[in-house]
Amino acid sequence: MSISLRNVGKTYRRGGMATHALDRVDLDIAEGEFVAIVGPSGCGKSTLLRLLSGLLPASTGEILVNGAPVTKPSGEMGIVFQAPVLLDWRSVRDNLLFQVEMRGLKKADYTARADDLLRRVGLAEFADRYPYELSGGMRQRCAIARSLIHDPVMLIMDEPFGALDALTREQMRLDLEALWMATRKTVLFITHSIDEAVLLSDRVVVMSPRPGRIERIIPVAMPRPRGLEGRKSPEFMRISDEITDIFLSRGVLTAGVGAGP
Amino acid sequence: MSISLRNVGKTYRRGGMATHALDRVDLDIAEGEFVAIVGPSGCGKSTLLRLLSGLLPASTGEILVNGAPVTKPSGEMGIVFQAPVLLDWRSVRDNLLFQVEMRGLKKADYTARADDLLRRVGLAEFADRYPYELSGGMRQRCAIARSLIHDPVMLIMDEPFGALDALTREQMRLDLEALWMATRKTVLFITHSIDEAVLLSDRVVVMSPRPGRIERIIPVAMPRPRGLEGRKSPEFMRISDEITDIFLSRGVLTAGVGAGP
Amino acid sequence: QDKVTFRLNWIAYGFHTPFYLGVERGYYKDEGIDLTIGEGQGSVRAVQTVGAKGDTFGLADGGSVVAGVTKGAPVRAVMAVTNSSPYALSARADSGIKTLKDFEGKTVASAPGEAGLQLLPALFARNGVDAAKVKVLRVEGAGKMVAVAEKKAEGLMAGLDNQSITLPRQGVPLVDFGYAANGVNTVGLTIVANEETLKANPDLVRRFVKATVRSFQAAVKEPEASIKAGQKVKADMEADLAMAQLKAGIGLMTSEASKSLPMGQFALKDWQDTVDLMKQYQDLQTDKAADAFFTNEFAAKSGS
Amino acid sequence: MGAVRRIVLDHWKVVATFAAIFAIWEFAVLALGVKPYILPKPSVVMTQMFARMPTILDGALATLQPMLIGYVLAVAVGVLLALLVAFSQSFRETLYPVIVFLQIVPKIAVAPLFLIWFGYGLLPKVLLVFLLSFFPIVVSAVSAFRSVDTDIIDLARATGAGPGRIFWKVQLPHALPTLFTGFKVSAALSATGALVAEFVASDRGLGYLLVGYSNNLDTPMAFATILVISIMGLALYAAVEAVERIAIPWHVSRRNTEPELSGNP
Amino acid sequence: MGAVRRIVLDHWKVVATFAAIFAIWEFAVLALGVKPYILPKPSVVMTQMFARMPTILDGALATLQPMLIGYVLAVAVGVLLALLVAFSQSFRETLYPVIVFLQIVPKIAVAPLFLIWFGYGLLPKVLLVFLLSFFPIVVSAVSAFRSVDTDIIDLARATGAGPGRIFWKVQLPHALPTLFTGFKVSAALSATGALVAEFVASDRGLGYLLVGYSNNLDTPMAFATILVISIMGLALYAAVEAVERIAIPWHVSRRNTEPELSGNP
């Protein structure tokens, strides 16, 4: 699945107020490519996800998936939203199978796969629990498993590892890399972790603050698998520093003062 | 505000199922101390927060605040929950002032402070927006500002910076440190970031997986402010490595395989 | 056998039992009529359903027939069941009311919109009562009786075959001032049929009237048998009460003007009075003559 | 703002719909030759209504009073009962079944008794309107109060606030959308309530007029009366809806999220 | 499991409450010397009821049919209408006001017309029950269908599923709790509906019996009839609640989160 964004912009309006979230974004993602997006909070990353997936119409410009304009969600993507968005009334397993049911596939064909995915994300014991019985990180893992169950050709993930502890996060990153190497799905990966972006992607898209624009696109030419050792490669350091510098150039960190009296 | 946990345990039950979330936790937090908690997802950190704040009764053991057993929420704490939990029907500013109203204080006395806090977390422009108009990170910043508006004597924060980008996160850390140094509030800080835990706290509590126990308590004897440079100190490296080792010793990272076919 | 439905004017009570008696004894069958009797929800309703040909025949009081016909319902009264109106103004026996005049300064309970209430001014006018001095308390159905029993009102708008029997049985004896007996008569219960039926099948009407007259004659002779026939259909019909109702109804079958007529026939004067009273007191607007509402054609032919 | 224009536009459609219904009705009566005592033409109903406007208006005024008082009572008592039921287990186990039973007992059957117990004035009418319309409020309020997210309740409790304040600041606002469905259903019932009360006991009001008209087979006037009481009910309903619009501008169902559900025009 | 035991315990309290009410009633009638035609003793009501059981049962059977059919119709049509209103803007702007108007028109006033139009059979009764009870379902269902979280709708839409599937898998389950408040209110109304229908448009059933009994001032039997119709209504209500319990085990209001709101026993 290849994706092209041409001069895409998005403005949210309510009453007289407008929020200019995205401005003139041009980006091409090739079939089988792994692209990471980093950028400050509120720069329009989640908005971009919603535009790409066809959930929201762009205000300007054009979005093409495999050359055809996106008008509505296609169901070919696996999406991890920023919030877990689990269905209260379904058990953890049935939250995974939701994807299957919504696509009109046979549940029975996927239950084994669901249990396997749950095992991989460490939720095997919790398959029959309800979302409110999960911890924050467990919910997020459930959402990740859900995005994979129907074996989508493209993955869009919005900070999928945000609520995970360092170790689990590292493990999930390794798993994702392995998955990608095995299947070469097209992946768009939104993250706040510069490390993660560099370690996972073929290219890192760095965005500027609201209204979000593409500041720079940095190719990552590191051999795969980058695994645990990736952090030690000079290429990793160079790119991480480059991204950090872009961020720093925008706002100077102040050895700030807490809230007043 | 000082806190003592004596042999505290918690088991969730539904029907015949039980989840043993916390087991025999003993911990003392002195007045004015900054304690960080790290531990794998699902180890009971959020549960601990709910016990401490009086939202949930412990199954076993005893929790003392200033020597008195906790029976119900006291309102003296500032709490950042893991999810932002904003009130849909209130504007961003009014979400902050919610704390004030719930404590029966005069709203008018706090509006200036609310706007000041919103400015500090970068939401000044959004004071009159509704929660659904915020990005994930913006919601979390709103929740952080909300926990501070009533100038509580103690702060309990559950992954407050989880949804923030690297730069904002760093800035918020610096702000929190400055605030603490200026006011010496008692702080309990739950995080997934080992860096953050070490850079902020007087002691790091490392927890083991479910049922959650305290694995080790590591004092951090680094001078303050630790600021941006803290990461370079040898003490930081030593403690970070120690914590990472504890984590690693529990589960070996596998250069995993993605979800099956 | 013609299939025929007959709509009563009310829930089956004592005075309806002759119809059941007729069915039981095969009087209708003898006339080639396979009769189904349905209980009803008031005369107005019976006129409407017969007018809309939902039922072949119906039981309705003269006032409802007049109102229906003037509003365009294609119906006509084909047989008199009671030529006297059942309306009465009744008072508690212990209220000290001895004459209609005594109602001045007293309270009377009545259901809103009741026909008897609308004609009350006529009753008062003809008996020299100052209507302005009588207070009317409006309450529906059972509430009306309870108001009297509870002394919230001294009198009530009663039916001689209804409340005038029920209340005394609950330990509240009454004195009744019948409208008919006090110069305000309107036609009582009549059998109504659709005009179209009259034209298309006059023989059916004749046979129905004939069987009905026979039924009532039998009931007058053997009231117990009539009640028994009723009880067979309505198991919880109370024999005593039903008997009292039947007797009261039988007492209303003739009027001053129809005394000498055979059972089932109307007197033109009664209809004339009905129309005149309604014009004066019930805002009736019609230029139809009194004989436009009924016919004696069938009762006369079937008369014994 | 577009809101005003939108409301006007909405109303145009509504007016058009009703006009169409009346037209069809008029035409059907004409074409099928329906007799006026069975179903009068709307044009006749209107003419009659305007001809006897003073009588009708008098009746309407008399009916309005118990209808409004009864409704307000239903809202107040309904919400109160819902509170008791929602927040006290013992009330839920003892009082609620009684409330349900009270609702289910057909009030119309016991109405005459009310007269005897409470006299013949305004009180029994108000009570009937109240009894006929309070239940939807209780049911929806109970469900609303009890279904606040536990997260939000935790947030509120953590402030140390008492249950009263939590109720006012959290549960009530959260419950408002559901609460208003109850208010609206009740508003729609209160016109019927007032009418029933007057059927049973009254010497004025629309219900009283209606009984008279139907007894005299004056179907056009009966329809006129029904029309007027319905308009009164509609007005109350519209008022409640207006309050709803003001009270809950934030509700999801009112956010104009940009695209509607895919596949819907 | 504890559930069964809890239900039994619940019912004990309910039974006790009703027993208490009956006891007070009996005692009050005795102590105050209330006349039986005003308020009979419950013991008398019971005796009379059992004495004339066959009649009552006959009537109950006759009433049950329109009540159930009408209710089922109300549920089916109500949900359908709600769908149209919730998901089609043009329906919302044209159909909804008509529905509201239909609800507000006092059915009891138009009931006699039904009788003329549809005869004395089952149809007018079913229609009346339907008309009296469908509206709460529509209102609550519209509100329920329209208030699903946008997040959840996005999740559903992102699967590429059509609106039909989104409705079945997301909106309907999400709406169930609110939907059931409508079902319950309607269930409670349907007994009244059946009774009213029989008051004005029937020649059998409990409503019909009731008219007769009150006309004869047979208050004990009138009360017995009211009791029976109420019990029928209650049974329907309980059945709907049972279905609710099965259909939505997940709802917040059913989770037994450990402590209740602070400050509540």
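In order of appearance the chains are A, B, C, D and E, and numbering begins at 1 in each one.
The rule is simple: a contact is a pair of C-beta atoms (placed from the backbone, for glycine too) under 8 Å apart; a residue touches a chain by one contact, two chains touch by 3 or more.
These are the chains along with the protein names UniProt gives them: A, B, D, E = ABC transporter permease.
Given the structure is predicted, the values throughout are model-derived calculations rather than measurements.
Steps from chain C to chain D (ABC transporter permease), taking the shortest chain of touch contacts, total 1. The chain with its Cα centroid farthest from the Cα centroid of chain B (ABC transporter permease) is C. Centre to centre, using the average C-alpha position, chain A (ABC transporter permease) and chain C are separated by 85 Å. Chain centres here are Cα means. That of chain B (ABC transporter permease) falls 49 Å from that of chain E (ABC transporter permease).
Averaging Cα coordinates per chain places chain C and chain E (ABC transporter permease) 38 Å apart. In chain A (ABC transporter permease), the residues touching two or more other chains are 14, 72-73, 83, 132. Residue positions 38, 112, 116, 149-150, 157, 166, 199, 214, 222, 251-252, 255, 262 of chain E (ABC transporter permease) are each in touch with at least two other chains. In chain C, 48, 52, 141-142, 146, 150 are the positions where the chain touches two or more neighbouring chains simultaneously. Here chain B (ABC transporter permease) touches chain D (ABC transporter permease) in the complex through residues 50, 53-55, 72-77, 79, 81, 83, 85, 87-90, 98-99, 101-104, 130, 132, going by the rule given at the top.
For chain E (ABC transporter permease) in complex with chain C, the residues that touch the partner chain are 35, 37-38, 52, 54-55, 112, 115-116, 119-120, 199-204, 208, 211-212, 214-217, 219, 221-222.
The part of chain A (ABC transporter permease) that touches chain B (ABC transporter permease) in the complex is made up of residues 12, 14, 17, 19, 38-42, 45-46, 82-83, 113, 116-117, 120, 122, 128-129, 133-138, 141, 148, 151, 158-159, 162-171, 174-176, 178-183, 192-194, 225, 227-228, 244, 247-248, 250-251, 253-261.
Chain D (ABC transporter permease) makes touch with chain E (ABC transporter permease) in their complex at residues 10, 13-14, 16-18, 21, 38-39, 87-90, 93-95, 97-98, 100-101, 103-110, 112-113, 116, 135-136, 139-140, 143, 146-150, 153, 157, 162-163, 166, 177-178, 180-182, 184-185, 188, 191-192, 195-196, 199, 210, 214, 222, 225-226, 229-230, 233-234, 237, 251-253, 255, 257, 260-265. Interface of chain D (ABC transporter permease) with chain B (ABC transporter permease) (complex): residues 149, 151-152, 154-161, 165-166, 169-170, 173-174, 176, 248, 250-252, 255.
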